[in-house]
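In the two assemblies presented below, subunit A is common to both, partnered first by subunit B and then by subunit C.
== the complex of A and B ==
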């Protein structure tokens, strides 16, 4: 921590939140809101004169509220920056100023009660997300009595009790009477590997953390009787099995069975009711203190950041990596990387390893001075462009030069390649590289050149739905073989004419699929998708074609199962479409899309009427 | 780039990942029947060095100017095959992949006949697109040699230090008043049993 504080290349922004990120890899423009500290970080020497005069106290977050701290405080003695901070929520207030004793006591005049929040802006080439985790809160698991029974504590509270910097100076004592417990029971998998309150996944660190705690207890308080209740013991890392062995050798009892209930006795000791799966008996055990080995979960506030950066979440709520095996620290957005528990529960060694990997990946991108990007930009055909400006209106990036009456000119540096403009252009004036109208129509035609009535044509966006299809594949989720996928970068690229061409060629069903709204990789291009599909539904209905034959679905890259279900549903819908219905549709579309040329005489008549 | 497309189609076995379900020889035979396909063959592992060399050899021998690789997802190996083409001076963007693994053999494991017919469809579609592909050039962007690290726990600290040590500027953004995160609240850490701070 101290290394960060003194590193010449690191600017540490505490009490800060990322508010805005724009741009792209190589050039992310960031706006950070920096909350006022009210104490000059550089001048404060952490002498503590201010604390002595502060009349206000609030719960000490660093010690999980086990003790109190003053409104002006240092979170812990080794904190970096080594400056005090004023918590305005706890303070009597600065507007109007009610107290101000701290400012008077500070000889160096480091305290400024009128300080205000500020915005900090900077540009970076890469971003590393290391927003971490939060311990599972066991209040909802009423069977363990946490919150009701004084001597039931969490693993993190145990850490603070055992710490020399903690509320008891490192003495293990019961909250009820301040006495050293004669027996301690650890309950594993609290909020992990369970349905209902809690998470379905393994917390990863809880087994080893408990084993560590048992060693600590046996080293310092060998007389305390220690029991661990578990489902399985997951001691799979290097040197971990040895730690478990040593714990057993030191007399720690391991009982395979998770207590169904904890009851408080009159003396506030606890009775644990547990089915011991080794003996097959329901047993009652006593303990003076119970420690809940609580699991790990994603930080709720990290979700705002994910939305800001268009990142993806795993169903468990952790950040989704670009590839679970081959790109484990890359996010799906180029130039953004993950480190630590934000990506999934992990211990310190794994966290450090991943953080170094993320740093390596980031440096790799930045070391060349420039990076190559796919040439998925667009070209505008000047002859076809009617200068209507619709392309600029629908472009999420504003990547066109256009003024009323002037032809549109694409701005390559801003274009991200979603292709929405091309799908919206009524004059076919825009050609996206690698995803041109002609290329996509060729795919549609090829897909339906044989047995079209057997096929469902699926348009899938590269980042979410197509990736979901890949996830389904990797997971071996089986589904009917009637679908053919056409990949576009964004669902916003799917032009009405691709869909109509598919129906014209006899496709029973067409699906347009993309990212969920907040996940769109092109800001909000998929809103154009919805608008377009809704318009087309109306058009199909007015033409006597069942709108249900055009489906719209949002599937994120982690949702392999949802992709499978969608494919099954498509197949069900496909079977409902009769050959007669298909023939009817083809007839209508032939009429609507290729109307017979009006005869010369008729045209003349029309002109006359108009005149 | 000559005007007439001469498409080369390479169908990957991916060991048994694809060939265990899809009749790859049949797909290759089908590919040969398609318009503008000048060459088609199967490959045990198209992404391997011998696999890539076979593609490069075929490009030269058959004057191929459009390439279809029917293998895994383009999200997996498109960059591999693009680089392979670039090595023999073929524009990397005249490549189209047909996803016959994630999108076919792996999701229709118990229906080999249907999977084979779907693989043929996917190859036909890829060839249809390949026929119309045009050479493109990669865009280059300048990269700012600075990084933002969000979160000042052990992960953020380690990442920030590693990046900063290379000479790049790092903005370390932390919500709380100090560094350390959850790690700082731990008393001792395993496996070393030492202080967390």
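== the complex of A and C ==
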């Protein structure tokens, strides 16, 4: 951190909030709000004179509120920049004016109580998101008594107690009486891997953190009896299993079973009720202190960030990567990368690895000086564009420049080529450079030129459904051969007119298939698919065409069997469509899509002559 | 936005069922019977039931 603070090429903006990001890779324009620090960070030497006279105190966030700090403070001893900050909320309390004692005490006159927030704006080539995570708050898990029982603490609070820079100077003491506990129980998976209050996923770091804590305890206080309650221990990684073995060898008891309840005794020691799943017995164990190994969860700010940068969130709330295996560092937006727990729970080693990779990816991109735009972009026909702005509204990347009343202009550097805009444009003003309307319609027409009633038309997205067909093929999953597979980059590219054209040509069944919602390669373009298909179901029904003839499926690239099953089901549905129904559909669509031109010309002339 | 329940029909197996529904929110839905995603919201609930 000190290196970062000193580096001539790194500008560190603390107490700052990103308010707006626009532009694209190579030219991101970022607006940042810098909150007032009230202390000149360049002049302040962190001498501490101001703290000595400050009369106001508030909870110390770094120590999880275990102790208090003054209104003017340094967040933690190694904080960068090494300068104090004034928390004006704590400083003022209910008073209308600050007392000003800190400013009087500061010999270097670094403190300005009239400082105000400021906005800064700059351009950057790439962005790395490293917003971290926050620990799970176990207050909602009432069975453990956290918040009610003084000697039930979280793993993070234990970490502060065990730290030599912590509130007790590294002494492990009970909050109830200040005595060193004779027995400590660690409960694993608090707020992780659970269906009730908490998160369904594994916190990743808790097992190894607990094992590390048990080693620390046995090193410094070998007389303390330590017990760990767990579901299963996830000690994977280099040297981790050895740490677990050493912990067992030092006398730490590991009991497979999570306590269902923690009760407080009269002397404020604790009774744990647990089913030991190795013996099958329900047991009661005593402990002087209970440490809850709480999991991690995404920061609340991740939700705002995802909107700000047109990113997507995983259902668990972490930011979604461009590809979980092949691009784990990249966001779906070119030029934006992830480092650390913003993308998912990670330990220090994984975080450092990902941060290094993110830095490498960013440097590689910027050192080129220029980048090659993807060929799958679009162009707008200005004559046809009616300046409605719908293209910008549906584009997952915001890859259009558009203002009310102005024609839309695509931003090629931002466009990823899903083609949703082209499918959505009512005026046919947008033409993708690949997968154009004409190309796709030609495929539909060619595939249905013979025996259309024997075929089912399948629109498959490039990344998932089409790949699932490949998986089915290489896995030798057999399915009916009369399906016509038409590839699009995204299911969002499937225009209503492609589907109607297929029905018009006699297709009994049409399937639109794409990625599952969390897998969408174009952030959330497949939501537009759902919206469009739902609208088309209504339209077909109002025209007297069975909506069931238009099917919708999400099939991931690994789901070869699901693809096979879908194709078999499609064939079953196809057989239910009679030649009469097909003929009826064709008649209706002919009327609806190609209505006869009214013969009003002669009449008008007659009327004019008469007049 | 309030989350409610709505009636849906599977366009593959024709099963009718209830699922959580938030107006305006696009979600990935699956038929509990055949796992198809061709799930359509019924604007008028089945006879004898109210939305």
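Everything that follows uses one rule, which is that the second predicted complex is superposed on the first by the 378 of 611 C-alpha atoms of A that agree within 3 Å, B and C clash if a C-alpha of one lies under 4 Å from a C-alpha of the other, contacts with A are read in each partner's own complex, and residues count from 1 in each chain.
In this section, a contact is a pair of C-beta atoms (placed from the backbone, for glycine too) under 8 Å apart; a residue touches a chain by one contact, two chains touch by 3 or more.
Remember, it's a predicted structure, so these values are computed and weren't measured experimentally.
If you count the residues of subunit A touched by subunit B and by subunit C, you find the higher number for B.
In the superposition on chain A, no contact is made by A:396 with either subunit B or subunit C. Once chain A of one complex is fitted onto chain A of the other, the partner contacts of A:340 are limited to subunit B, with no touch recorded for subunit C. Looking at the shared chain after the overlay, A:432 reaches neither subunit B nor subunit C.
With both structures placed on the common chain, the touch criterion links A:517 to subunit C but leaves subunit B unconnected. Touch criterion met: A:573 reaches subunit C, while subunit B stays clear of it. In the superposed pair of complexes, A:552 makes contact with subunit C only, with no contact to subunit B. Of the two partner chains, subunit B is the only one touched by A:356; subunit C is not.
Contacts of A:26 after superposition on the shared chain: subunit B is touched, whereas subunit C is not. Across the two superposed structures, the residue set of subunit A contacted by subunit B and also by subunit C is empty.
Residues 516-517, 527, 530-531, 534, 537, 547-548, 550-554, 562, 566, 569, 573 of subunit A touch subunit C in their complex.
Of all residues in subunit B, those touching subunit A in their complex are 73-76, 93, 99, 101-104, 106-111, 114-115, 117-118, 121-122, 124-125, 127-129, 131-134, 136-191, 193, 196-197. Residue ranges of subunit C in contact with subunit A, taken from their complex: 11-12, 14, 26-28, 34-38, 40-41.
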